[in-house]
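What follows is a set of notes on a single structure, which appears directly below.
Note that the chains are named A, B and C in the order they appear, and that numbering of residues resets to 1 at the start of each chain.
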Amino acid sequence: MEDISLVTVVFMLPLVGVLPLLFVRSLSEHTMKWLTLTVSLVTFGLSLLLLYNFDTRVAGLQMVQKWDWISSDSFTIRYYVGVDGISIWLVLLTTFIMPISILASFEPIKDRVRLYYIFMLLMEWAMIGVFVAQDLFLFYVFWEVTLIPMYFLIGIWGSEDRIYAAIKFFLYTMAGSLLMLLAILWLGNEAGTFSLPEIFAKLNSGELSFSPSTERWLFLAFAIAFAIKVPMWPLHSWLPDAHVQAPTAGSVILAGVLLKMGTYGFVRFNLPLFPEASETFAPYIALLAVIGIIYGAWVSYGQDNVKKLVAYSSISHLGFVMLGIFALNSSGIQGGILQMVNHGISTGGLFLMVGMLYERRHTKMMNAFGGIWRAMPLFSGLSLVIVLSSMGLPGLNGFVGEFTILLGSAGSQVLSLWFTVAAAVGIILAAVYMLYMFNTVYMGELDKEENKRLPDLNWQELWSLIPIVIMVFAIGLQAGFFFNYMDSSVRDLVQYLGDTITAAAGR
Amino acid sequence: MLSEYAPIAALLVISVGMGILILFISRIFGPFRPTARKLAPYESGMEPFGPAIRRIPVKFYRVAVLFILFDIEVIFFLPWAVVFRDLGSYGLVTMGVFFFVLTVGFIYEWKVGGLEWE
Amino acid sequence: MFEVPSLSDLNVGATLPVTLLALGACVLLVVDLFIPRERKSITAWLTAIGIGVSLVFSLLSLSGAVEFGSGELAFSDMYRADRLTDTINVAALITALLGVMVAYDYLERTRLQRGEYYILLMFSAAGAMLMGAANDLVIVFIALELLSIPLYILSGFRRPQEASEESAMKYFLLGAFASGFLIYGIALIYGATGTTNLPEVWDAVAGVVAEDSAAKFLVMIGAGLVLAGLGFKVAAVPFHMWTPDVYQGAPTPVVAYMSVAAKIGGFAALVRVFGMGLSTFVLESGAPAAWQDTIWLVAVLTMLLGNVVAIVQSDLKRLLAYSTIAHAGYILIAVAAAGTAGLEDTAAQAVVIYLIAYAFTNAGAFAVITAMEKDDASNTSLDALRGLASRCPWLAAAMAVFMLSLTGIPLTAGFVGKWFVFKVALQADLVAAAVVGVLTSAVSAYYYLRVVWMMYFEEGEGDAATPPALAWAIGVAAVGTLVLGALPYLLSDMAREITLAFGG
C-alpha cells in the first residue's frame, strides 16, 4: 500500500464528514451544524498544510496520487490527483470559502437542516475534486457532480422563483458540458489515456497531434462548457437567476468557487491542450470578455435589487479574468488566477453582506435601506472594505489582480491595445455602481422607521466577515507571496504556449 | 442460386393448374341438376346467412387449443417412432425431455380444471 | 445420411444456467398447484431460490472459476456459451430477481397472488438469456417467443381491469406482427445464404458480397426485416408505438421487469445477429457494414422522439415509458458502431455495460412507482410525487438517484453506460449520432429533474408504502446504481473480455 497523498486527504475529508450526517439518526440540529463546521475547518487546516508542503520551484504537479480506476487494453482511466501552481490557490479558496458559508448558514437555514449540511459537504468535496483532478474522466465526473448539490441548494432553500432558477442553472451547465464530454472522449480515444500529464507528454513528443480544424473544434467544445460556467457574455443568463434565488451560502459558493471552475478550465485544458487554437481564438474571446466587462458593469448600475447588482458585477469581474488568461502571457495569466481568488473573496463577501441585510429586513431592494451606517456601524465598516476591494482600490486585493491583468493584456502579442482601454473603462464603471450601491444603502439619512432598530452583527456574522476582510488586506499588501506560488507553473505554461505558437508560425 | 427454386415453382404451377383443370373437367363431364339447397354455399346444416359476430362459448376455443397441442405431440412422435432404433439413446432422451415438458403442461392443465367442460 | 449425435455432444453443461432456470420453472409449475392460495409466498421464495441458483452458476462461469461443459458450443452449434452469454445471463437474472421482489407485495395487496406470475417471469427470463446465447437465427426466434409470450400474459395479469387487458391485447397483436417480420427476415437470410447458423451466415454473406449476386438484395431486405422485428422488442422508433400504452396499462411490477428484460434480450440478439452474423455485409470494401447507417438513423430518431415526447407527460409511468424508448436509442448507437470493422467487440461491451447499468436503474425507478401506486392503480401521476421527500426520505433519495442515473450524471451507473456508448460511437466515427445523443441527454435532464423537483421542492401529500421485499428491491437497485457508478471498473472488467465469434 503506497502512501496516501495529502491532496487525497483534503479531497476526501468532506465526503467522510457526510457519513455521520447520513447515517446517525440521533444527531441534534446543533450537533449537525457544528460537526459540519468542524469538518470544513479541519479541511481548511489541512489545506494550509498543503500550502506549507508546496515547493514553489517545481512547475509540475506535486503531492500526486495515482491509482488505476478503469483499465482496459486500449485506454486507462485513473484516480489521478495533485496540485500545481495553477490549482493550489483555487483549492485553498474552496476550503476557505466553505467554513465561512457554513457559519453564515447557522441562522438562516431552519428546515431540513440535515439535508442542507449533507449537500454543503458534498459540494465542497466535488469542488475540490474539480481542482485537483488530473484525469479527464475524473475531472468530468466532479465537474458534473457539483451541479447536483447546487441544484438542491437553490431548489429547496432558495427564494420565490427558486425552481425556475435551479432548473435553468442545471440545464445550461449540463448542455454545455455534454459537448465537452464528447471532446474528452475523442481526446481519450486518440491518446489512449485520459490522464492529463500523459496527454501533454504525448503532445510534446509529437506522438499525438491534431489537424488545425480538429483542434479548433475540440477547443470550442471545451470552451463552450467553460464559457457557460464562467459565465461569459452572451451565455450568462442563468447567472442572475441562480444568484438571486439561491440562499446566501449558495450564492457565496456559486460566486466564490463555482464560477472559477470555468476560468480554471480554460487555463488547465484549453491553453495547454490546444495552443494554436487558443491563439486563433484569443481575440474573439477577449472581445467577449470585454463586452462582458462593460455589459456587466452597465447592467449592474441599472439594478434596484442589491443581490442582482452583485450578480451582474460578477459577469464584469470574470470578464477581467478571461481577458487576463487570453492575453496568453505570464502576467495576464497570473493576474487572472489571482483575480479568481480575489473575486471569490470579495464577491463572496458582498453576497454575505446582502444575506445579512436580507435576514434583517427580508427585502433585497436598495430603496428599502438608507443610512444603515448609523444603525449598524460595525457591519457597515466591514462592508466598506469589501466594496472597496471589489472596486479595485489600491492597497486592497482587487487592485493587484486587475492591475496585473491590464498589464498583461497591454503587453500581449495577440490582443490589440483597445481591449485594455475598454477594460480600464470597466474599472471606472465598477467604481460607479459600487459606490452608488454603497451610497444608497449605507449612507444618507436613516429615514425609515423599520431600519432604526436593526441589530448589529451577531458573532456568527462577525466571524464570517472577519476572515474575508483579513484576506482582502493580506492579498492587497502581500501579493508577492501569492504570485510566488504560481510563478513556476505559469511560466512553464507560457513558455510552452510561446514555443508551440512560434513553431506553428514557422511551419 | 435462385434457380435452385425452379422445381418449387414448377410444382406451384402444376398444382394450381391441376386444381383449376379438375374444376372445369367436373363441370364439363359431371351431371348437373341444381336445387336451391345444392346451390347454397355450405351445406352441413349451418345457417349460411346471419350476423357475422355470434357468441360462441369460449370453451370451444380452449378445447381447440388443447387439441392442437396434443396433435403436435403426435406429429413429433410419429417420425421419431419410425426411426427410433437408429436414433438410439440420444433419441430416447431428447424425446423424453419433450415428453416431460408436455406432461408438465398436461398436469397443470388438468389441475387448474382446463379439461372440465362445466 | 444424418449422423446421430451422442448425448455428450450436446454439451448440456455449458447451458447450465438457462437449463436450470427452465427446468426449475417446469417443476415449479407442478409444485405450485399444490400450494394453497394464501401461502404463495412459498412459490415466491422458490422462484427466488431458482433464479438465485442460476445466478450463482452464471457468476461462477463468468468468473472463470468453474468451467461448465466442454467448449463454447452446445446443442449442435445452436447455443454459444461465451462471455457475452454469461454477462447477459447475469443481467437478465438480476432483473428477474428484482422483478420477483418488486411484485410480491403488490400481488398480495391487489389480490392477484397467483403462482403463475412467478413461473411466467422465470420462463421469460430464460428467453432473454437464450437470446444472448443464440448462435443460430432459429434460436433467436424461439428465444424471442419464449421471452415475449409470458410478457404478453403478464401485461394482462390485472384481469379484469380494462387498462391491463387492453395493454396485453395491444402488446400481443403488435408483438405477433413483429415476430412475423423477424421470421420472414430470417427466411430471406436463409434463402440468400443457405444457413441459419450465425458464423456460417458470416462466411456466406462475405461470399455473397464478393460475388455481387442478386442474393445481396435478399440479405439486405432480410436484415431490414430482422431489424424491424427486434426493433419492436426494444422499442425503437418507428416500432415504438405500443410502448407507452402497454407500460401504462400493465401492472407496475411487470413493467419494472419487462422494460428491462425485453431490452436485454432484444439488444443481445441485435448484437448477435448484426455484430456477429451480418458484420461482413459491406457494399464496398473497407466501408462499414451496410446496415450501420440505417441503425444509427433509427437511433437518432429514437432518442429524439423518446426524449422530446417524454417532456410533456404528466403520468410517471408514461414518462418512464418514453424514457425507455430514449434509452433504446442510446444503446442502438453502440449497436450501429458494431458495423465498423474491428469495433464489433468494443461495441458489444458497451451494449452490455449499458444494459447492466440500465437494469438496476430502470427496475429501481419502476419499483418506486410500485411503492407509490394505490391498489386501484391510481397515484402514479407526477403530482403524486409532491412532498415525497419529507415523508419518505430514503425512498425519495433512491428515486433521485435513479433519475440522475437515467440522466447520465457521473457517479451513477447511467453515466458509465453513456460513457462507453459515446466512446465507441466516436471510435466508429458516428459523430452525428453522438452529438444528438449528448444533446438529447441534456433535454432528458429536464424531465428527469422534474421528478426530483416534485419530490424535493414542492410541498404536498406524496406518500408511499414500502413493505420489506419492495424496500429491499429498491435498496439493492439504488446501491447497485451508485456502486457501479463509483466503481465503474466492476462493469468494464466484467465486459472487457467479451469477444464475438466470427466465421464457421
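By definition in this document, contacts are C-beta pairs under 8 Å (C-beta built on N, C-alpha and C of every residue); 3 or more make two chains touch, one makes a residue touch a chain.
Quantities reported herein were computed from a predicted structural model and do not represent experimental measurements.
Core chain by CA centroid proximity to the global CA centroid: C. Distance from chain A peaks, on a Cα-centroid basis, for B. Chain centres here are Cα means. That of chain B falls 36 Å from that of chain C. Averaged C-alpha coordinates put the centre of chain A at 43 Å from the centre of chain C. In whole angstrom, the spacing between the mean C-alpha positions of chain A and chain B is 78. For chain C in complex with chain A, the touching residues are 346, 390, 404, 409-411, 415, 419, 422-423, 426-427, 431, 434-435, 438-439, 441-442, 445-446, 449, 452-453, 456-457, 488-489, 492, 496. Contact residues on chain A toward chain C in their complex (touch as defined above): 68-74, 77, 112, 137, 140-142, 144-145, 147-148, 151-152, 155-156, 162-163, 166-167, 170-171, 174-175, 178-179, 181-182, 185-186, 188-189.
Partner chain B is touched in their complex by these residues of chain C: 4-7, 26-27, 29-30, 33, 192, 213-215.
Only residues 1-2, 86-91, 93, 100-101, 104, 107-108, 111-112 of chain B touch chain C when the two sit together in their complex.
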